[in-house]
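Working notes, structure below.
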Amino acid sequence: MIQEVVPVLSREQVADGLFVLTVRCSRIANSVRGGQFLNVRVSAGVSTPLLRRPFSVSRAHDDSLELLFNIVGGGTRLLASKGSGDQLDILGPLGVPFRADDEYETALIVAGGLGIAPFPLLTEELLRFKKNVKTFVGARTTGHVYVSHLREVHIATDDGSDGFHGNVIQLLEHYLKHNRIVRPKIFGCGPTKMLKALSESSRQQGIQCELSLEGEMACGIGICQGCPVERVNGPKKYALMCTEGPTFNSTEVVL
Amino acid sequence: MIQEVVPVLSREQVADGLFVLTVRCSRIANSVRGGQFLNVRVSAGVSTPLLRRPFSVSRAHDDSLELLFNIVGGGTRLLASKGSGDQLDILGPLGVPFRADDEYETALIVAGGLGIAPFPLLTEELLRFKKNVKTFVGARTTGHVYVSHLREVHIATDDGSDGFHGNVIQLLEHYLKHNRIVRPKIFGCGPTKMLKALSESSRQQGIQCELSLEGEMACGIGICQGCPVERVNGPKKYALMCTEGPTFNSTEVVL
Amino acid sequence: MSFSLRGVEFKNRVLVASGTFGYGDEVKDLVDVNKLGGIITKSLSAKPRDGNPPRRIVETASGLLNSIGLANIGVRAFIEEKLPYLNTLDTVVLANIAASSIQEYCDVLAALEEQQGIDGYEINVSCPNVKEGGLSFGTDCNAVKEITSRLRPLTQKPLIIKLTPNVTRISEFAQVVEAAGGDAVSVINTVIGMAVDITTRRPKLSSITGGLSGPAIKPIALAKVYEVSHAVRIPVIGVGGISSSSDAIEFLLAGATAVQVGTASFVDARTSLEVIDGIKKYAIDQGIADVGSLVGALDADISASVLQSWL
Amino acid sequence: MSFSLRGVEFKNRVLVASGTFGYGDEVKDLVDVNKLGGIITKSLSAKPRDGNPPRRIVETASGLLNSIGLANIGVRAFIEEKLPYLNTLDTVVLANIAASSIQEYCDVLAALEEQQGIDGYEINVSCPNVKEGGLSFGTDCNAVKEITSRLRPLTQKPLIIKLTPNVTRISEFAQVVEAAGGDAVSVINTVIGMAVDITTRRPKLSSITGGLSGPAIKPIALAKVYEVSHAVRIPVIGVGGISSSSDAIEFLLAGATAVQVGTASFVDARTSLEVIDGIKKYAIDQGIADVGSLVGALDADISASVLQSWL
């Protein structure tokens, strides 16, 4: 884990309200793995927003990192105003990455909305591990769909304006009904409601499933105890999302 | 007095750390007079800085206004980041203007540092009223000197790097010793320390003197009672800088 | 949107707070004051008060620290110079009263009772009790009780006591107000705070400490409103850091019957009007016919509350 | 920069606050903890505590509202898993203790007394007293007095009581601590606050109310430090909203012997080191040989203070 003030290389709007921000940071780029995140100081020297904001690393190149985000509040609005020439104080890589190299053959990536963020980086790893990768992406409507750097993408939109008309879980179930997948493992990320449904769906179908959770964080490094996730069982009632997650096996946690 | 969200037309750095910001606002431009100010919301939708910031109107054109400022804190830093395409919520014109059309012949403008801000606009008025105008400007060093749109400028720098070596009061006294001025009136603006000295100097020389004061303001329109200036005498102990000033006769107030 | 207090109808639930809207006439160019639920005047004392020497205001992180020292024109000048204008308005006008003795509270209220155009009173008890060596009335339960019971017989109009947050259990103060016949409590006045100039090594405010207001104190005000609204049956008027309709709705849900906009009016004099519009919009979006149904509608189990929590 | 408390030498006047720096090991990649004046551990209770259900944190205007519920590993696990690391450090280590009964405070302190490596104790009294139906010890002067006098005989090490600001007169609490033999007081713990989600109409925090910290509360903390430092002779350790050296210097001038950096460590774990460097620089710039000479060096006439002011 390092903390560094790094230069912003570029900021690009890639879909409706969706931005890709690229920063230079070779130290993190060299070690980060799919599912890990940065805690980013979006405002320097001002107390609003006060806290850092967590963002998955979406892609990593030799010496640069990409974040993928949309504007939901003050912090992301500020972030979207950054561009080449600006600097950003980042802390990372944080959290436990997805276990990409388990016992399975086909990775079923399931992303709802901004949940696609961690998957370009994960996809690269999966391919390195010679896994099959199939990706299921859900969005509200076609303008919100962004599927760059993903593999074998199946799209669902709530309004049917692109791909399957329905949500991404329905799309996945539909797909699994019509296709035989050998030794699958699901990797999911998205709104908690969707992850809950995904967790239930994967349990019913007997497919192992790993989720990347989202929630408020203050420190991002395990000192504030602000990010509890309820465990299914175990001696401790809560796990910390920032240091024991954000990726969890779906059977470990209560959503 | 109006409140309006107006477009920023340009921002220019005109000297070391000195900025000119031009906004479009014909309604204020048409009525504003020298010594009046705007209360500017430098941050929209964020609570730091919380309050508006007061700035003298430095020049007024047909439909635009110029502010002249330097960066001293968070608010002015934000203001300096504005540029063409941005918008600014302004409230004005506020305060009592300089009494430019009094009984006198020669206006002696005395400005310390950023105290030059209100004088380009005042100078225009003075010329309209057919007054003689002589301007005395004090600055720390030559890089800080900015004297555009002023008349017959005499410069003093603390380090002697430009003009008279000393402060602007010394320069004025020096000038008055060597030149006979008929029916003069002093208009002063600058740091409180300087205004105090100017007030004393003008008293000793028997020259009438009007000062534009600076201090913290919250509302700028007389409702918070946050900007008291002690009166020399009178039924009320304090005047409000925002509505009874910022310009005062030097004999009216205790600095 | 409307509500009533002791027979006085407020057209909506958004008022402007004492000391942050002058006497209503200063902002008439900017704000259609007739749209407000009510105007609360700057605190009035028996005699005019000069207020504290400069410096009176300091901006802090998302907050404003003030020590105006209750500079005001006094009740006489108010009646002569300000009341005629207020009389022309189609909104509720509450006179806020400050004093340094209980007798002075009574005198000011009595003087205002003789006039037309005052719809009710808000009593600022965050004032030094000169008899008690300057101890604030507002931190002394007995004093607050006595103020309320001495004022109650003097008027048939709404009598609102404005409580200070600078006490251990604000609900006890609300309870004595209720018992003594107060019609409502305003919660909260400013929080005691301080700022130091490290260059001069002097306090920034001439009075050393002052009152903190603005967004910084919103969470504090909300907790106090929640505490008070569970302790009394009289209405609570929420105030502290409200700058948007969503802030105001938080207060309604936490138990406030109405709200006041204070410091935010300095930032934008029209804030209160935006709050009114925003509440209306929220009600429509949420399918709520009566904004009043939001009051205290927080979905929470009070047993998880204040006194249980580990800080 | 150094100071001492009951014989324990602190290398400088900047400590990290309880609950905002873990047990010191989490941030060792980021911060040279040996440069700190001291580390105060997360509050330790007799048994491990799970803490409150989510949601535990809410960002507010320039503030952080938390209801961690004192999640901690318990004193046993602390001794086994964390103390060995803390023992390797060249800085003062203070154990912060939380409990729901006076006996529990005593038990935890006694357990720690048997160990090497704890230099002193800070007692968190912002905890529910189970015997009194969950009323906070920290708002009950007798309870604070009893905690202090029961703990005092159990240790020869510095005993610091951390006071809550959620009381009418914090100086009375500091006075009972002084009388009961406490070596210092930490001022302040978090301020009670609340936030509401207007969409779900539920409190944002699972515990409804929580503790407010961060820049928003700095003016409040400063006023409390000022009040307390004029009421007792024992040292005051200032805490609340400190994020820069100039903030820290404000606290020293207002009467704090030392300061703690809390929430700011979440924003930048290195804040405390920057504060140390900044104080050094200020001392040099101002020609001050001994930073200790800043303590309480505020140039102010106390008669203009708190109790006199009209809010």
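Residue numbering begins at 1 within each chain, and the chains themselves are lettered A, B, C and D in the order written.
Note that contacts are C-beta pairs under 8 Å (C-beta built on N, C-alpha and C of every residue); 3 or more make two chains touch, one makes a residue touch a chain.
Not measured: the values here are computed from a predicted model.
Visitor: Touching chain B and chain D alike: which chains?
Guide: A, C
Visitor: Centroid from C-alpha atoms only, then distance chain A to chain B, rounded to Å. What do you get?
Guide: 53
Visitor: Between chain C and chain D, what's the gap in Å when you average each chain's C-alpha atoms?
Guide: Centres of chain C and chain D (C-alpha means) sit 32 Å apart.
Visitor: Quick one: chain A and chain D, Cα centre-to-centre, how many Å?
Guide: Using C-alpha averages as centres, the distance is 36 Å.
Visitor: Please set out, as single numbers or ranges, the residues of chain D touching at least two other chains.
Guide: 52, 61-63, 68, 214-216
Visitor: If I count partner chains per residue in chain A, which residues reach a count of at least 2?
Guide: 47-48
Visitor: Report the topology of the inter-chain touch graph, choosing from line, ring, star, complete and other.
Guide: It is complete, because no pair of chains fails to touch.
Visitor: Touching residues of chain A toward chain B in the complex: what are they?
Guide: 45-48, 74
Visitor: Note which residues of chain B are touching chain C in the complex, please.
Guide: 1-3, 41, 47-52, 89, 91, 215-219, 221-230, 236-238
Visitor: Quick one: in the complex, what on chain C touches chain D?
Guide: Contacts found on chain C: 60-63, 65, 67-70, 98, 124, 126-128, 133-136, 138-139, 164, 166-169, 189-196, 198, 200-203, 206-212, 214-220, 222-223, 226, 241, 246, 249-250, 253-254, 282, 297-300, 302, 304-311.
Visitor: With touch defined as at the start, can you tell me which chain B residues reach chain D in the complex?
Guide: Per the touch definition, chain B meets chain D at residues 47-48.
Visitor: Provide the residue numbers of chain C that touch chain B in the complex, in ascending order.
Guide: Its residues touching chain B are 19-22, 26-27, 29-30, 42, 48, 50-59, 61-64, 66, 68, 71, 214-216, 243, 263, 265-270.
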